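One chain, subunit A, appears in both complexes that follow, with subunit B as partner in the first and subunit C in the second.
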Partner chain A sequence: MEFLGYFGAVFTPMSMLILCVGTVGGLILGATPGLSPTMAVALLIPFTFHMDPAQGLILLGAAYTSSVAGGAVSAILLNIPGAPANIATSLDGFQMAKKGEAAKALQMGFISSGVGGVFGILVLIFLTPVLAKWALGFGPSHLFWIAILGVTIIGTLDTRSVVKGLLSGCIGLWIATIGYDSIQGVERFIFTDHLEGGVHVIAALIGLFAIPQVVEMLEHGRTPRTVTLMAMEHHSVLDSARQVFAKGRALTIGSIVGTIIGLIPGAGGQIAGIVSYDQTRKFSPNRARFGSGEAEGVVAAETANNAMVGPSLVPLLTLSVPGSPTAAVLLGGLLIHGIFPGPNLFTQHAPVAWTFINSMLVGQILMMVFGLYIARLASRVTLVPQPILAAGILVLAVFGSYSVQSSLSDVFVMLTLGVGMYFLARFGFSAAPMVLGIILGPIAESNYVQGRIIAEAGDGLFAYFCTGTLNLVLIAICAASVIYSVVMEVRTRRLIAQLQKTAQQEAAT
Partner chain B sequence: MSAPAPAPAPSPAPEAVAVAGRAQQVFPAVLVLALALWITWVSFDVDDPVPYLFPRLVAVIMLALAAVAFVRAVTGGNQTGGGIDLRTLLNVLPGIGLMFLLVFVLADWLGFYTASTAVFLALYAFYDPAPHGAIGTWARRVAVTLGFMAVMYGLFALVLQVQTPRGLLL
Partner chain C sequence: MKRMLIGAAAALALSFTAAQAPAADYPDRPVSLVVVYSPGGATDFQARIVTMMAGEEKYLGQPMVIINKPGAGGKVGWNQYASGAKTDGYELASYNVPHFIAQSIKFETKYNIDNLEPIANWGADPAVFVVNKDSPFNTMADAVKWAKDNPGKLTVSGAGLYVGHHIAFLQIQKGTGVEMKYVPHKGGAPALKSVLGGQVMAGVNNLSDAYRSRDNLKILGIADLERDKEFLPDVPTFKEQGYDVDDSSVNFRGIMVRKGTPQPIIDLLAAKVPEMFKNARVAKQMKAGGSPMRIMTREQVQTMWKNRQVFLKELLAGL
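The block that comes next holds the complex of A and B.
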């Protein structure tokens, strides 16, 4: 119950102000299609430079939590999920809106998000210190493998091509080595003056997550598009709350599924929402009504995608392995404040760590309250034209990356990486493993070098890095992750080929 | 309320659109292979190997993966990503050009705020479907641009006190 002692730091006027601003901002950003929670958090990191570490993390945590929930607004009112985590929400949410129950769907969505979110943060609170204590005995070889594990898992799960996912991770690891070597100060891969200081992790984060989305918004040129924003009726919040708590099955399944999937590094809210929706449908007596405006579907999806938020931070805070792309961005936010998550987090930085976690618990409740009352305002944001959004994000990205070190080189790097990533993404490469490579590269390298020194004085490199129970377990997980993903890729390809063949045969007959 | 209005459409995931042709798969595979070869060459062609121990490890793995990706691209075994068609390319290139113009030329020359204002307006106007001939359209564009940049100035210059490069103007 150590966490209870740090609640005071959350309830200071400044922390509460930051929490409220982060929550409202996250809800609005989350409601805007095209702005992912990952990008929202990445764009906010530069603002945290001017805050103390705990307050900076409160802002990022609040934005993360509320932007996931905010995605429900556009999913329900426009049938466009604000983030991949809200895909399952749109299945029944939009149908409810079409039946004139938009406000009810939104209210039920936010209340379910709050319930799932609180459950997930409680899991984070009680599981993290246990795992952190266990991880205290890790040496350089284990930390090296954990860093490689982080890149491998995200690399193999975040793309349809395992090879391209792992290549993205390797490119990230290479980018992390650009600049001066930290031990001897030797220049590495500096082919332009702009790279002399290396690639700053925040410039890379902003570039890789924000700029590709800006360019995507420009893909349709000047083609005008029209959508219909569904009407919002007046509906009692109390009645919505009563209906949510009457759906115990969906709340339970959503909370459990979200928690389990959140704990698996690389999975994420999209899977949590869909699996929870599917399982709830299977167990529901109203399963035939799913997809045509069944409120239980909205509850199941929204509970799960927010229950995932807390557990997704468990591997990050205990092992430095981010469970999702947004957690990877949060890792960047922790590192720039000199906080290295991992086994020592709760011994060396306990006040910051607990204040951050407690603020997420309070943030879940604020998110629920604000979400209920500003959904109407947030829904208007979904109508902001794409060119304004694109120009606004570009300018914010330029100012944000410049303000990190007051360096134009960071802006050059940010933009070049971002535009490069846009084209790479078009060819099946993924930003998340690359970002993780950039973030975990220095951790992997320092532990590799340290491990080499220990190994040379002992039994040799192979014995130090590749023997011992924990090393073998970590290597086995890396290998299993790659093998599983390769098998899934082959299966998917066969299935697609089979479907294409069947379609061709049907067309021929 | 059922107001039709211009609003964002979801960007299709690369896999959601048609898988790129083989040439579009081979081109990025060649680029990545060339990058991997260059990194490997630089990592091994050094007098003092110690600073390059980790880059060497990365380079060897990357080279192996890039070779696999290249072979699969050539044989058509790994078609992921929608590629890019000429129309999309022509749509995004002006925007990308404006971004690079802002960062590489205008920011230092005109000043950060002036350059950002100019590029915001240019990007907005270029991609805005509204007719260019109407005065009202331009008034709205200018108002939105100035409003947004005023917020940025307040946030970065006044609140966060970030010193930005001053060129000819602000």
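The block that comes next holds the complex of A and C.
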């Protein structure tokens, strides 16, 4: 309960001001496609140079927390996830917006982000010492199986066709191999200098989601009804809150999945939202409605990607090992102030460390409040005439993909993938499995390669990857995921066949 | 036609005068510094600290702006820099030795020590050999003995191939005469994580990173000519322990420009930049971040680059 003593430092006027600025700034940065939480934190580090350590960290923590949630805004309103973490949010969120429930989707997204976020920070406060060692135990073989678990989801992510979902995923896995491979440094598919650095996942994300959207909007722009407006209804915050808390299943699964995936160094919180979305769908009686505007899907995704924030700092704060790219950037922010994370952090720098963590707890609440306010304003985006909206998105897409690595190559890659996606989408392929493939490919591959090298020196490939409790548990989860998908697919087909039969019989009689 | 000719002549004259008198008011606008690693990494973090005083009148009088161009272990950024950067003195880049030299030897890169000009060196991060706190190895001799009995079984993590850690590993293997297994990772932090998590038996890592995790590690040796008196005075060098490993793997970080940059500008930068590194506030922040400094002038770096080139060509020839 030591942390309670340091809440005073969070509630000073200066700290609260910084917290508010960081939260609002983070929401806006997060909502901009291409500005991922990692970028948002990196952009703010220079501003902390001249602050005192606690205040600098409050700013960074607030930006991290709220940029993860901010990504939901563009995912819901425009079907363009602000960061890879928000892909799952767009699946049902955008469908809700199409039905005129943009305000409701945003409100529910922010409330569930807040719930998940608070849960994650509480895990960070109370369970850090226990979990730090456990999290470090995940080695290449385990990460490989986690990536494979992600791959098993790829096929079913797109509800329209398993085969096309799998094919989209394969294209994504292929795209991920382009560039120098990250372990051996071998060149692959670099047929132009622009591909030297590979395809950055953010550039791909923007291209695959935003460009088809822009082209479609412009297409409509040429029709006589130049201005198509999405209907938008007002929605009471209280009602949204009531609905969120009624979705206990999604909240529970989201919090747990987000926490576990956040803890594991190298798994990348990027897939927390998708895994949680998938698990919730499998356990939900409304599974058929997922993908067509089911609020439970938004809750599951947003709870998980904010629950990941707190636990993702556990390895960093206790062992000085950054478990995610954002944690690595935060490490830089800590070091600049001479604060070395590690076992002594909470004894040597207790005031700074606890102020930082407490501010993130308060930040989660502020994020929810500001988010709900912004939701009201932001949902007006749907009232903007489509041609103007399309132009705006295009500008943001170019800006966002350029800013990732200050490289024009990323813009070309983004545009190429986007145009390609526009045509593929006409044949029923979808962007989400493709991006998932791009994210999972490198995790699976590099961990397999590392595992193979370690296995060569030890007990051999099979023993390394397929024995040990953790490996077996993960393999069992992967198998269950595949079997479930197959069974459901077969059952649905039978059902459809049966319905057709009865329809035919009825027609005959 | 005539107008075009006049225009072309004017443009030519303009570019000529621009090339003639570059240093007069240089720099009169902010100078960019390309860092080829991601924001938050050790190089980026240190570059931000050592350049933070650039705006002071006695140094450059203009701020330095960091531009990150990460990708493929630095190859993307350096390739772009060496082939496309302007040579007007407003586009600088950071270097990491031995990384960029080793890469230019092993891969078809657009950069090498001949088309880049060093300005000054700010830091030197030696490689250290680390094992988990719970490891049975307490000295380098323990690890060597075990590796001798189990050739090729001792797994050692490090950040990627042909970087300082890998060079240090090759040297340690050569110097101790035993065969070990190098496990490349995506960077120094994941490599250290594998040691802490027990996925590998040992690791080669940066002194600064190992120093921060010293409570969970045993640091068995330092691949440098001297001990590090400031951070790890108790850790012996490999030489002290009787293994022939010198400082060739030390990760030197500094600033360079593209060849073709006018000599007066190079001279000006070479005079002012080391002074900027010596600033007391810079030193204090670097020490606070656990980053060892080693300030070297342009001439010293030129010699160091040439020596590394010769050494690395020989070491990597057999691979």
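Here is the rule we use: the second predicted complex is superposed on the first by the 271 of 509 C-alpha atoms of A that agree within 3 Å, B and C clash if a C-alpha of one lies under 4 Å from a C-alpha of the other, contacts with A are read in each partner's own complex, and residues count from 1 in each chain.
In the analysis below, contacts are C-beta pairs under 8 Å (C-beta built on N, C-alpha and C of every residue); 3 or more make two chains touch, one makes a residue touch a chain.
Everything quoted here is computed from the prediction, not taken from an experiment.
In the superposition on chain A, contact of A:P341 is made with subunit C only, not with subunit B. Subunit A is touched at more residues by one of its partners, and among subunit B and subunit C that partner is B. In the superposition on chain A, A:G310 makes contact with neither subunit B nor subunit C.
When both complexes are overlaid on chain A, the residue A:G22 reaches neither subunit B nor subunit C.
Within the superposed three-chain model, A:S406 lies in touch with subunit B and with subunit C [touch as defined at top]. Contact with subunit C, but none with subunit B, is seen for A:S320 once the two complexes are overlaid on the shared chain. In the superposed model, A:Q184 lies in contact with both subunit B and subunit C. Shared contact residues of subunit A with subunit B and subunit C: 183-184, 406. Against subunit A, the residues of subunit B that register as touching in their complex are 1-11, 14-15, 20, 24-25, 28, 32, 35-36, 39, 42, 48, 50-55, 57-59, 61-62, 65-66, 68-69, 72, 78, 80-84, 88, 90-92, 95-96, 99-100, 102-104, 107-108, 112, 116, 119-121, 123-124, 126-129, 144-145, 148-149, 152, 156, 160, 162-165. Remark: subunit A residues 32-34, 47, 50, 78, 80-81, 159-161, 163-164, 166-167, 170-171, 173-174, 177, 181, 183-184, 186, 188-189, 211, 213-232, 382-392, 394-396, 398-399, 402-403, 406, 408, 411-412, 415, 419, 422-429, 444-445, 448-449, 452 touch subunit B in the complex. Listed in rising order, the residues of subunit A touching subunit C in the complex are 38-39, 41-42, 45-46, 49, 136-140, 179-180, 182-185, 193, 196-198, 265-266, 315, 319-323, 325, 328-333, 335-338, 340-344, 405-407, 446, 450, 453-454, 456-458. Interface of subunit C with subunit A (complex): residues 38-41, 44-45, 48-49, 52, 67-73, 75-76, 79-80, 107, 152-155, 160-162, 181-186, 189-190, 192-194, 196-200, 209, 212-213, 215-216, 285, 288-290.
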